[in-house]
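Take this structure, written in structure tokens, and hold onto it; I'll ask about it next.
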């Protein structure tokens, strides 16, 4: 099983990244930092006569990097009770890829993958992060990806996550599952 | 009571905009189309020594437009079961404004406002849109804004919303409330 | 289209009942007050060798009353952020009916029905009532019933609901839909 | 710290009970099986002139058993996407105790406690059980109890829970936390 991680955070070595690294330690993983790419927001042309225009940014590069993998890990700090805007813009663009003749099998390919979410937040994430988990469930249901599990962690300042024994233990458990 | 609408959609005259126009018809409203502005994703510098850097984009212009108003209407199509990435990037940046010495009273000002959400989606939004409503509740709780209500509508193709009698009726009801 | 209402409340002429009566005014409806029946909690015997035992209470009488109808309205005050315990005990027992040879077509019959939820609560029901709506969605998904819509109202003391113009307007809109 | 467990299930040695026993193994815990008690549904008399009537059942016995403890564990199988009707009837009755002159400090006492939820379900509980977690959060917020954490497990047939390594690991982690 081949794994790609999508990091949605903007801070190097943030709590979410730290927690994710524990889950993937020792595994061969393709790590993708969304902040290193330019991702334009989608312009919805689903119903426009001319259809979607090609966008001159890095979005397709990321798609090309994730498609070969069996397992996708969405690793995002919880910003304002959901994934980061950067990760959201990435997901929003799937609406375009679903109609892109260069990716005729996008939905089918996504439907053969499994996904995990790893997310760390500072304001009671174990309950206030749940609407985000429900959003991810709907996202994966729509695209056909199997939502295998999620880990929520609590942290605010850099390094906080090390205090969240529950999250660390869940990350170690996930690593066993991914091996 | 003075009203500002933040439109998060990318399609001119989309279903969400149409529904929102019914709710504000005849009222004096400042309308802000986020897609007309450049909004960079936040770079989280809350814990960096140097603090947040000034970002050279249009974000503060939008903040300056909404701050004078008593009521904010967040009008967003439901993209992938939440607000658009564009609107999310706008909200994410509040973390910076909360620490921006040019906006020393940002939280206090936001806490004196009321907010409404108007959202239209194509995939069972009356239930699949609820995680987004819960997310908005957490957002408004954090910033102190009073969440006065929301309208969910169903629509996919342009014009669909006109068939959603329930949403239209709720929009007319909201207009009475806003008058 | 034939309609049955299941009232889950324990107070005569409560806010939820009042709101429901507006939605069904002038329609021919079978009204079932759960509090007038004895409904034992389920004893889970799904995996017991002997199987479920017949329970000597009124539960099956209620099932017999709802099965002939096309539309079911679940009308419940929000007690502690969900349906009343009485209504929950009624729903829990469906697990038994699903295996009851006296009701061999229970799931099929339920899957041919539509359902609405009408619920009134006193503590910010428009957001704090949403987990209950999500729960009902899962319930209806499992049993195959089409979840057509819901109305949430706000009220605490008897008569409060009359002040909730939004809920009243939604109830009137639902009545048009039911006609 | 003194601990009481409230078991909401109806099946002896069910998956939820098994998972809970792992979390409390070796600890001194008061275990309360709700099914062994008669708990009448509440009759809402909050606004009745005569007020609540004394109910001749076992409810107060349970209240008397939990009040001395610092930590409450709500252990419930997920029936129809929430706690069992039996447990719900128990919680519903808190509305009466809140007005019962025999328990003048009920809310204050509850607000000095911490709570955990342990729940096992058979139909994708890791996401479909989340509305129940959100309900519990609202319940604990209202009564003032600190919601310290929850464990969700997956299981259907007796013994299934032993296969859910993630839940077992979380239960062991919780035991360390409770020690």
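The chains carry the letters A, B, C and D, assigned in the order they are written, with residues numbered from 1 in each.
In this text, a residue touches a chain if its C-beta (ideal position, glycine included) is under 8 Å from a C-beta of that chain, and two chains touch if they have at least 3 such contacts.
Given the structure is predicted, the values throughout are model-derived calculations rather than measurements.
Peer 1: Hey, which chain ends up farthest from chain A, C-alpha centres compared?
Peer 2: C
Peer 1: Would you kindly tell me how far, in whole Å, the mean C-alpha position of chain D lies from that of chain C?
Peer 2: Those two chain centres are 24 Å apart.
Peer 1: Measuring from the mean C-alpha position of chain B to the mean C-alpha position of chain C, what distance in angstrom results?
Peer 2: Each chain's C-alpha centroid was found; their separation is 34 Å.
Peer 1: Check each residue of chain D and list the ones that touch at least two other chains.
Peer 2: If we look for residues of chain D contacting two or more partner chains, we find 130, 134.
Peer 1: If you connect every pair of chains that touch, what shape comes out? Choose line, ring, star, complete or other.
Peer 2: Shape of the chain contacts: a ring, since each chain touches exactly two and the loop closes.
Peer 1: So which chains end up touching which?
Peer 2: Per the contact definition above, the touching pairs are A-B, A-D, B-C, C-D.
Peer 1: What does chain C use to touch chain B in their complex?
Peer 2: 126-127, 130, 133-134, 137, 147, 149-150, 165-166, 169-170, 173-174, 176-177
Peer 1: Per the contact definition, I'd like the list of chain B residues that touch chain A in the complex.
Peer 2: Chain B residues touching chain A: 9-11, 14, 35, 41-45, 47, 77, 79-86, 88-92, 94-95, 123, 128, 130-132, 134-135, 138-139, 142, 157-158.
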